[in-house]
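Scroll down for the structure; my scribbles are underneath it.
Just so it is clear, A, B and C label the chains in written order, and each chain counts residues from 1 on its own.
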Amino acid sequence: MNLSLLAGAILNGLVTGMLYALMGIGLSLILGLLNIPNFAHGVLYALGAYVMVSGTKAFGFVGGALAALVAVAVLGAVIETLGVRRLSRVHPDYTLLLTFGLSLILTESIILVWGPVGITSQPPALLAGSVDLGVTLYPKYRLVVMVVTAVLVLASYLFVTRTRYGAIIRAGIEDKDMAAALGINIRRVFTVTFAAGAGLAALGGALMTPVRGLLPTMGLDILPFAFVVVVLGGLGSLPGAILAGLLVGVVQSLMTAIWPPGADASVFVLMTLGIIARPQGLLGQR
Amino acid sequence: MRRVALIRFVLLVAAIVVLPFCVRPVVASEICIFAIAAMALNLIFGYTGMLSFGQATFFGLAAYTAGLMMIHWHAPLLAVLAAGTLVGGVAAALIGYVCIQRVGTYFIMLTFGFNQMLYFIAYKWTAVTGGDDGLPGIPRPPFAVGPLSISLDSSLRYYGFVAVSFLLAFYAMKRIVDSPLGVIFRAIRENPGRAAAVGYDVKRYKWLAFTIAGAFTGGAGVLYSMMFGIVPLESISWIISGDIVFMVLIGGIGNLYGPLLGAAAFKWLSEAISVVWERWPLILGVALVLVVLFLRGGLVEAFTRVRDIVAGGGPRPEPDEPVSVPDAAESQARP
Amino acid sequence: MSADTILRTDGLTCDFGALRAVNHVSLDVKGGTLHSVIGPNGSGKTTLFNLICGEVRPSAGRVYFEGREVTGRAPHDLPHLGLARCFQRTNVFPKLSVYENVWAAVFARRTPGVLGCVRRAGEFSDVDADARRVLADVGLAARSEARAETLSHGQQRALEVAVALASSPRLLLLDEPTQGLAPEATVQMTKLVQSLVGRYTILLIEHKMRIVMSISDRISVMAFGEVIAEGTPDEVRDNRDVQRAYLGARR
């Protein structure tokens, strides 16, 4: 493989990896705090992409992205309040099934609204074209997406580790009863976290539309990878999710360049090896 | 108690006999095939307390194995069935060994992850599996034992074979849950820590349950491969895994008959609705959400509730003696 | 009564991070006796049990049962060696019947492997007989078909003891069997424990001093993870360290 191809593959891996990290952070927080594997996370990402496409037509590129973020975050809050909350006292398996059902409903709704065929979308004119990075030519838009998602990932991380609200979230992950006893309205923290996780996934989906295109099943397709990121990184560990996201993205992308049939499977081999070597995840404590 | 069990079994056999005259024989076969898979998941979810979201792994692997054996070697029916069951069991033993190292959410995600891994392999390895187009051209060998040979070409005859296989599988499963294993599995579901403290190697029994379930699911996969003469890629996808979970859930977990009802209701509904409207998963999703929110015990619980209302109130738990507070002197003794 | 040591711990130590929960505890439990461990909350009694039963790995020290080392053995091995425990919080199988709770524990000692499982559970008449005997022993025979979760708190505690007895242990570890019980239920539980004395060697954690003083052969007193005194009930009662560390708090 020549250097230009290798550089391109690694850059592609980082773009996807940042997206995985962004989804992994939301999923990881929801899992840590509410103790549910959110099977609807993928479809929320897909919904973000579709809202983006319609939103761009109405409000322009940035407006479309914001519309995706807000709409899906609100939907997340509704799902948490009306669905997940009702199941907080029963076995977590049921919450999983609830989110699985929602995932089916939303995927089908996307087909009903936007049709079953794939859609492509273009980056804004300002960001079209490529830049010469010396080793390779690389699309401008992808570089911008990489930077924007990196900033989002970093901002989420700092929010959770450095702010007061973040401290409450972390306290909730450690011990819900204790956090509730301290007078924190833990239910509201749950709702906000679920909504924020949904919003981040949607924003990720929105930004990726010109890169990956749109397909009604895109949410179901990406979900397993987001799960791998969380499991590999360690439950509730944000640095773990970021590291695992990048790792998965780059491995997948490199395998695509070397031997395409093995690209997706390699990710799951990576996860299995990771679980056997470090059952608590790369950076997980538990 | 034995009499009740016998009556239930007779009713089950009667239902199996009547089934192909109530729905199309193909649908009846599908119901029996998925009832086996649902029964298997019930063993690990309902009895042992582990929710596997990757049963299609074993279903699909066995279906592909059977398909390839019949296409390339013209392997006979019973050999294929045995091989698929074995493949399901061995795959479940290997994958299960890794999965049972973790519990709860991690376990679910691991089963799901392995399922996806094999799905992607089947999807990309087109030379062997046909990829997205599925594996077509699978013959349906006759049922042959010694000189006896019965053709299974008509869908009603094939249903007969599937139904007998189902009843055998049901009997085997009943023997398993009636054996000490049944008590041990339920004890592990109820309280794994205590099960270890009384002397059971919890991981070993979980592994056993997972492996047994994999073998049953494999058998179901083989029967599925001969249904339409094709193994579709879907048979190893998480959609099938989710379907199986859903059948067990709507039927009601933890008893032998619930999953059978669930499989029947699921397949019958999907057949009835998808003819009218192709967005069947939407209705499935709505049903799933409603069941989870309002009727977690599934059809069996719905039935029990109705029966209790008709009979004027069911059995109630004993009133508990009031929760006592340690007496004053004792609480002082604790700093 | 035999005077042989059945359980010995040798410098048993357990650190949770910077906290030393159990510090160099050396116990010597003689066969056929009732040996109590008392001490204020947080003095490391339950952790000591967890160390003996393999639930928690010791940072240092060893455990010997009937002369062989069992340190760090998996919890599921210990019933097979002859050691069974009750938990401080009621810890049974809630949705199994009372009978099945005990049956499962009896069966655990009977089968070496998985092959014994081809028969129906009801066909093991020796297991059935043992389970019924144990239920009669603790006074739950009349409730055997009830689901464990429907029992009263006192009955659940009795079932807890029954599940431990079911593995016919040579050493029984009881962690506060009377905890959270109403006065009448406490009396019943005390009677039950007393009825076991002599038939089983018992290591007991208990808070209620009257009970401990009246039924124990020997008492070890723990404070801050260490054994600060050991002896007969009278010796312990007269020990100044004990009065200061523990009994003093009451008087």
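Definition applied: a residue touches a chain if its C-beta (ideal position, glycine included) is under 8 Å from a C-beta of that chain, and two chains touch if they have at least 3 such contacts.
Keep in mind that this is a model prediction, so the values were computed, not measured.
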{"item": "Chain at maximum distance from chain C, centres defined as averaged CA atoms", "value": "A"}
{"item": "Chain whose averaged C-alpha position falls nearest the assembly-wide average", "value": "B"}
{"item": "Separation of chain B from chain C, taking each centre as the mean of its C-alpha atoms, in whole Å", "value": "40"}
{"item": "Distance between the centres, which are taken as Cα means, of chain B and chain A, whole angstrom", "value": "31"}
{"item": "Centre-of-Cα separation between chain C and chain A, whole angstrom", "value": "49"}
{"item": "Complex interface listing, chain B residues touching chain C", "value": "175-176, 178-184, 186-187, 190-191, 193-202, 208, 317-318, 320-324, 326-327, 329-330, 332-335"}
{"item": "List of chain B residues in touch with chain A within their complex", "value": "45, 51, 53, 98, 101-102, 104-106, 108-110, 112-114, 116-117, 120-121, 123-125, 238, 242, 245-246, 249, 279, 281-282, 284-289, 292-293, 296"}
{"item": "Complex interface listing, chain C residues touching chain B", "value": "40-41, 53, 74-80, 84-85, 87, 91-96, 100-101, 103-105, 107-109, 111, 114, 116-122, 124, 146, 149-154, 163-164, 166-167, 179-183, 185, 207-209, 246, 249-250"}
{"item": "Complex contact set, residues of chain A against chain B", "value": "31, 35-37, 83, 86-87, 90, 92-94, 96-98, 100-109, 111-112, 220, 224, 227-228, 230-231, 235, 260-265, 268-269, 271-272, 275-276, 279"}
